[in-house]
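Next come two complexes, and both contain chain A; in the first it sits with chain B, in the second with chain C.
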Partner chain A sequence: MSDQERILKFQIFRYNPQKKGDKPRMVTYEVKEAVGMTIFIALNDIREQQDPSLQFDFVCRAGICGSCAMVVNGSPTLACRTMTSTFKDGLIKLLPLPGFELIGDLSVNTGKFMRAMSERVESWIHDRNADKVNFEKLEERMDPDVADEIYELERCVECGCCVSACATKRMRPDFLSAVGFMRLARFSLDPRDKRSDEDFYEIMGDDDGVFGCMTLLGCEDYCPKDLPHQTQIAYLRRKMVLVK
Partner chain B sequence: MKVIYTDSLVIGGGLAGLRVAIASMQRGYDTIVLSLVPAKRSHSAAAQGGMQASLGATVKGDGDDEEVHFGDTVRGSDWGCDQDVARMFVNTAPKAIRQLTAWGVPWSRVSAGDREVVMNGKKVTITEKKEAHGLISSRDFGGTKKWRTCFTSDGTGHTMLYSMDNKAIQMGIPVHERKEAIALIHEGGVCYGAIVRDLITGELMAYVAKATTIATGGYGRLYAITTNSVISEGIGNAIALETGIATLGNMEAVQFHPTAIVPVGILTTEGCRGDGGLLLDKDGYRFMPDYEPDKKELASRDVVSRRILEHMRKGKGVASRYGDHIWLDITLLGRKHIEKNLREVKEICEYFLGIDPAKEYIPVRPTQHYSMGGIRTKATGESQTLKGLFAAGEASCWDLHGFNRLGGNSVAETVVAGMIVGEFVADYCAQNPLNVSGTTIEYFMKQEEQKITDLLTRDSGENPFELKVQMQKIMMDDVGIFRNAKDLEKAVEELKVLNQRAKNIALRNRISSSNPELVEAIRVPKMIKVAQCIAYGAMLRTESRGAHSREDYPARNDKDWLKRTLTTWKDDSTGLPEVTYEDLDIMKMELPPASRGYGVDNTVHHPDTARREAQIEEIKKANPGADRFKLQELLNPIPIPEKFKGKNERIGRGFK
Partner chain C sequence: MDDYIIESNQKKSRMPARLDFAQSGTGLILGLFMWVHMLLVGSIIFGKGSFNFVAKTMELAFLSDTGHGFPIAVFFAVFIVFTLFIIHALLGVRKFPISWKQHRILRDQMQMMNHSDTTLWYIQVVTGFLMFFAGSVHLYIMLTHPDIDPFISADRIISGNMWPLYLILLICVELHGTIGLYRLCMKWGWFAGKDAKKSRQTMKKMKNRATIFFLTIGILALLVFIVIGIKHRDRVGEKYNNHAAVVEQVQADEAIPVKEEIQALEEGQEKEAAHEPEAIQPSDVTKQYGVT
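And now, the complex of A and B:
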């Protein structure tokens, strides 16, 4: 990392739908780079020093919560863990994540989308006995490798990068998207979930589900958690096509 | 005026809040959760290393049970905790984890047979029992006698929160996102909900409820450098304080985690040291055994943080442009282990430091991490002074943690408190009618409307962002790990001035809808008040206990200070809160005060300690046949809800 101070140029999408007469536009801000600066630090700097109306979402600022996905120089990614030093020319263009309702500037309503997704895929353990479990007794055993595999698929942080990178989603507004497929893959792998393949077919066995995927795999390219979307989508398709 | 009615209003959508809402719904009460952010983004998700519950499945957890967990928790709290609460907690934690298992958490499981682990810097082979295969595993954490911390790699909080929120979604519990509670509604000493601002439209609404639970997490963001997420600003504590009736407990009890990365303060889990990681100084020397020969890197968090600072003060820190730090070495754990069990840590190192922790040391230093203090409650979770107001999780001073929380006991507290307090919330809903007058609701609504109008129309005044930075600097510099009268008096005075200045905030961006500056302007005066409670309480407490460490009063003083600090703010025009104290009754303690076993024991003992010890001996002698359950009943009868009273099963010993 160079010790020389650079002036970064941020081009930021600005539009507040709550404000009457406001129009979408790009605004440029200059920020003096600091060592170890992330887009999180820079955006707060702009808000505090230059424009207190600038809207964006950060929560954990550690790449864990998935709040801050935005389009950085053309690629959807988590802004909090994107270091400004990775941009050689010091030009950083920020746009809100497409495919979601815009709240304002860089803030989008992923929460609403993800809750609807969870309801649609019924993102919970389906087992009539789950609420009757006697929690005084030993827990049900699970193969340690299966537990690890489930965690592997549960690492999704619902950031929305896969949704915004998905060409199918652009054409089919109700397309479930990789985040939904990953969730279904996670539950279909889980021996505690008693749903059958037929049950899963009801959720995803159509063109808004796993058969609609054009396999352009933007999800695989842009997932900040490197989840195995390609493998899981292929696996789900094969599994669903075998349902009679 | 928009008014929304419910039975059980929950402010905060993290683990504790969601669990209270689930309990309310299970008992048939209407419930609404308010959250600043989508629930799955709550700070609970950032918990990495694990949840303590004495399941004892791993061979290194052999012999673990409620008694051992209780002892560790009480000692860890430096005897500041409420032992009734600690008892309810340790008895319920195994149930909580097993319930979460049924709800979907993919806990890491025990694999029968040999496995290599790192202990005390050396590779050791341990053999897991065949009969434990497939049960929930656990790892070592600081300040515990057994390997008790159950985990999902180092994404434990994430998997717990996802399962909990999924359960809430399954039950159809509404989570009203991007809503901020800015004042509580109360009348005649009873709380009836909150005035809430929609962070998108700016609309003010009254959420009117029989029971109101605050589960808004900690107040880490009062400090300049913290591991906490940006929403952990103590606003839940502040709105309780602003009622003038509810009390805050032990606000000066603030934990610093030994290993957050430098400079940004992001946490690397205690699991790094639990799994065998070491702390090294600028010479690559492992210094913790010199200070704590017994527990070494796995002493309690407050102790390790102080030892690191002590060592750095001797000139042994690694100099950097951001000040001194030390090294966390996990290279000895091997790449395979790191990529499986410490993968969040690995990602954090790669993205924020540009290093590979399997090959390089991690620069770390103690950083603000946890708020032991919070809304003071009874063991039921209800405020001692404001009826109908409950608190759970980090926002509360239920008082499980006293003056120092053990690693792994925080996510455990969120779900256990959620279960227990949730039952008492439901009981409250059953027993109390909604008896609030429209005039009262309107009064609070008008009051908040007026404050916002004032902010939007004031021509010139203070910048809220600047006030916040100044407050954070004061807290960091003068109310940190080591404290003394001079610094604390300065902090109290400076915060008093900030409090006055915060009454004159003016905005540059004067719109009432979605407006980050307005959000800041509403929060900052509240944050300053909470900061004042911490600084003032710390100044008055002339002893050292747990994380509250006074250089000028280094001894723990049970004789004069075995008491909980209670803070109220009755009159907004005064510059300081009012502080009173609540005695801890040694004669009711199951485990009377003793040494924690770190460094030199210079405790000033209370005369009751010896009396209680003798009394306990007598009780034990009088009941020679009593098993541990009977003894506990004799020494510490607790009001645990019926549902959670049963004994917990473990391999090799059944329900014994």
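And now, the complex of A and C:
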């Protein structure tokens, strides 16, 4: 058990843009490691015991809400799913996700970005005949395989790791990025969405869309939910390049 | 402004799609071409005869009655490759981190994540940039001198001081090409199979092996050319032989291993030097060659 009782060193990015005169800096905190400790638990420990001003986001502690994404020793990932025991030397460096508006310390405004993304890809079912739906009738059944496929892509929790792991997105701020492509792939699979390939082309058929993707595969490698980003972006690219 | 009004009222341009496809297409052709090119150039490792045979075949010598081939065939091939090269460069440069700010962000991101595929792309940017220059020089020389010959190539490398350029070009091409072909598979989802993540690992492994394989061939070939070039320094401009002897030549080459061949040639040179201090006739070399 001696392994479990080691002292962890957390180097944490501190900066509050709301506070006048505050400057970005790295602050070191020491935390006694506990059994099964995650970075999320350690951060709460720091906030409770050492520094109540430390800002970070969390809601579910179970890798479902996507709030606690941050850069842990260089990798964008979810703090609540990262065990401290995986860091052999006990050194853990935490940075806020790059590419998003900084709220303070480790907290970033992913919500603002995700909302804009949803509006940009029109993340809802498009059906011109939706007004003429006969509510007396049962909804048309979906093939279970198709439903499974859609569900697989819908596992996205909008944590923002794919956005931060994408050098393309960081260099070109208007780039749609993987979370948007995943959403588009999800709707293009959905038989209830009547949008044609031409319609989808209007959304992503340029260098800010799918043709801007340079296949650096950061999204694929850092997605905490292991979503098939590479396969889906390739699928959209093949589909879009054929649009007449 | 006119363009803006017209575009705003129209469907989104299909140009980005065409450009992306063209970039991949030219890259695919050039990448595969470079693999074949390397294998063909690598024939020098088996001797000047093999290289000469390959060169003459590329000049379509088997179609000509005299056996001299048509350097114009090489000219056209180079012309096509040069055109593709320029188009590919033009399309590729769109993706470069062109401003200082973009470059800084990219370096920053690479430092933060240490992510292999991002780094691979950066290697492609750097090698691509170097090839604008190194590749153009080589292609222009081949365009203006489409007559391929082992001695002329070796002379160019040593007496023409081209070896630093070819060394840079070799490293750039082999890195850029294999990374590019791997990225193409990822980009378009080729050979993904049932388990895309697993096939990616396999392809990455194959990519690394291909880089090592072609770099090894390239370096060996360059070394052989350097050795030939140094030995041939005092007879710059002399060609390997005329085609009439090629068939005989190839047979002789097949029979003698490389070392003995070089030895034989050296002996020949010594004899020549004794008789004629000045440049010898290509036909003389051929005769001696035929005898040995």
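Assume the second predicted complex is superposed on the first by the 230 of 244 C-alpha atoms of A that agree within 3 Å, B and C clash if a C-alpha of one lies under 4 Å from a C-alpha of the other, contacts with A are read in each partner's own complex, and residues count from 1 in each chain.
Please note the rule applied: a contact is a pair of C-beta atoms (placed from the backbone, for glycine too) under 8 Å apart; a residue touches a chain by one contact, two chains touch by 3 or more.
It should be emphasised that the depicted structure is a prediction, and the values quoted were computed from it without experimental measurement.
Chemist: Just to be sure I read the superposition right, which of the two partners does A:Gly205 touch: chain B = first, chain C = second, or both, or neither?
Modeler: Second partner only.
Chemist: Pick one for A:Gln230: touches chain B only (first), chain C only (second), both, or neither.
Modeler: In the superposition, A:Gln230 contacts chain C only.
Chemist: Looking at A:Arg115 after the superposition, I want to know if it touches chain B, chain C, both of them or none. Which is it: first, second, both, neither?
Modeler: In the superposed model, A:Arg115 contacts chain B only, not chain C.
Chemist: Looking at the overlay, what does A:Leu43 touch: chain B (first), chain C (second), both, or neither?
Modeler: neither
Chemist: Is A:Leu106 touching anything from chain B or chain C once the two structures are fitted on A? First, second, both or neither.
Modeler: Neither partner.
Chemist: Considering only the touch criterion stated at the top, classify A:Met83 as touching first (chain B), second (chain C), both, or neither.
Modeler: First partner only.
Chemist: Would you check which partner chain A:Met240 touches, where first means chain B only, second means chain C only, and both and neither mean what they say?
Modeler: Only chain C; A:Met240 stays clear of chain B.
Chemist: Does chain B (first) or chain C (second) touch A:Glu158, or do both, or does neither?
Modeler: first
Chemist: For chain A, what residues appear in both contact lists, the one with chain B and the one with chain C?
Modeler: none
Chemist: Which of the residues in chain A come into contact with chain C in the complex?
Modeler: Chain A reaches chain C through residues 71, 74-76, 95, 98, 165, 167, 170-172, 198, 201-202, 205-207, 209, 211, 213-218, 221-222, 228, 230-231, 234-235, 237-238, 240-241, 243-244.
Chemist: Where on chain C does chain A make contact in their complex?
Modeler: Contact set of chain C toward chain A: 11-14, 16-17, 19-21, 94-95, 97, 102, 105-106, 109-110, 112-115, 117-118, 121, 183, 186-189, 192, 196-197, 200.
Chemist: Along chain A, where are the residues that touch chain B in the complex?
Modeler: Chain A reaches chain B through residues 1, 16, 18-19, 35-36, 38, 47-48, 51-55, 57-67, 81, 83, 103-104, 107, 110-112, 114-115, 118-119, 122-125, 127, 129-131, 133, 135-144, 147-148, 150-151, 154-155, 157-158, 190, 192-193.
Chemist: Note which residues of chain B are touching chain A in the complex, please.
Modeler: It is residues 37-43, 45-46, 55, 94-99, 101-104, 106-111, 133-137, 152-153, 155, 158-159, 162, 165-167, 169-170, 175, 177-178, 200-202, 229-231, 263-264, 266-267, 321, 340, 344, 347-348, 351-352, 354, 465, 507-509, 511, 513-517, 520, 646-651, 655 of chain B that touch chain A.
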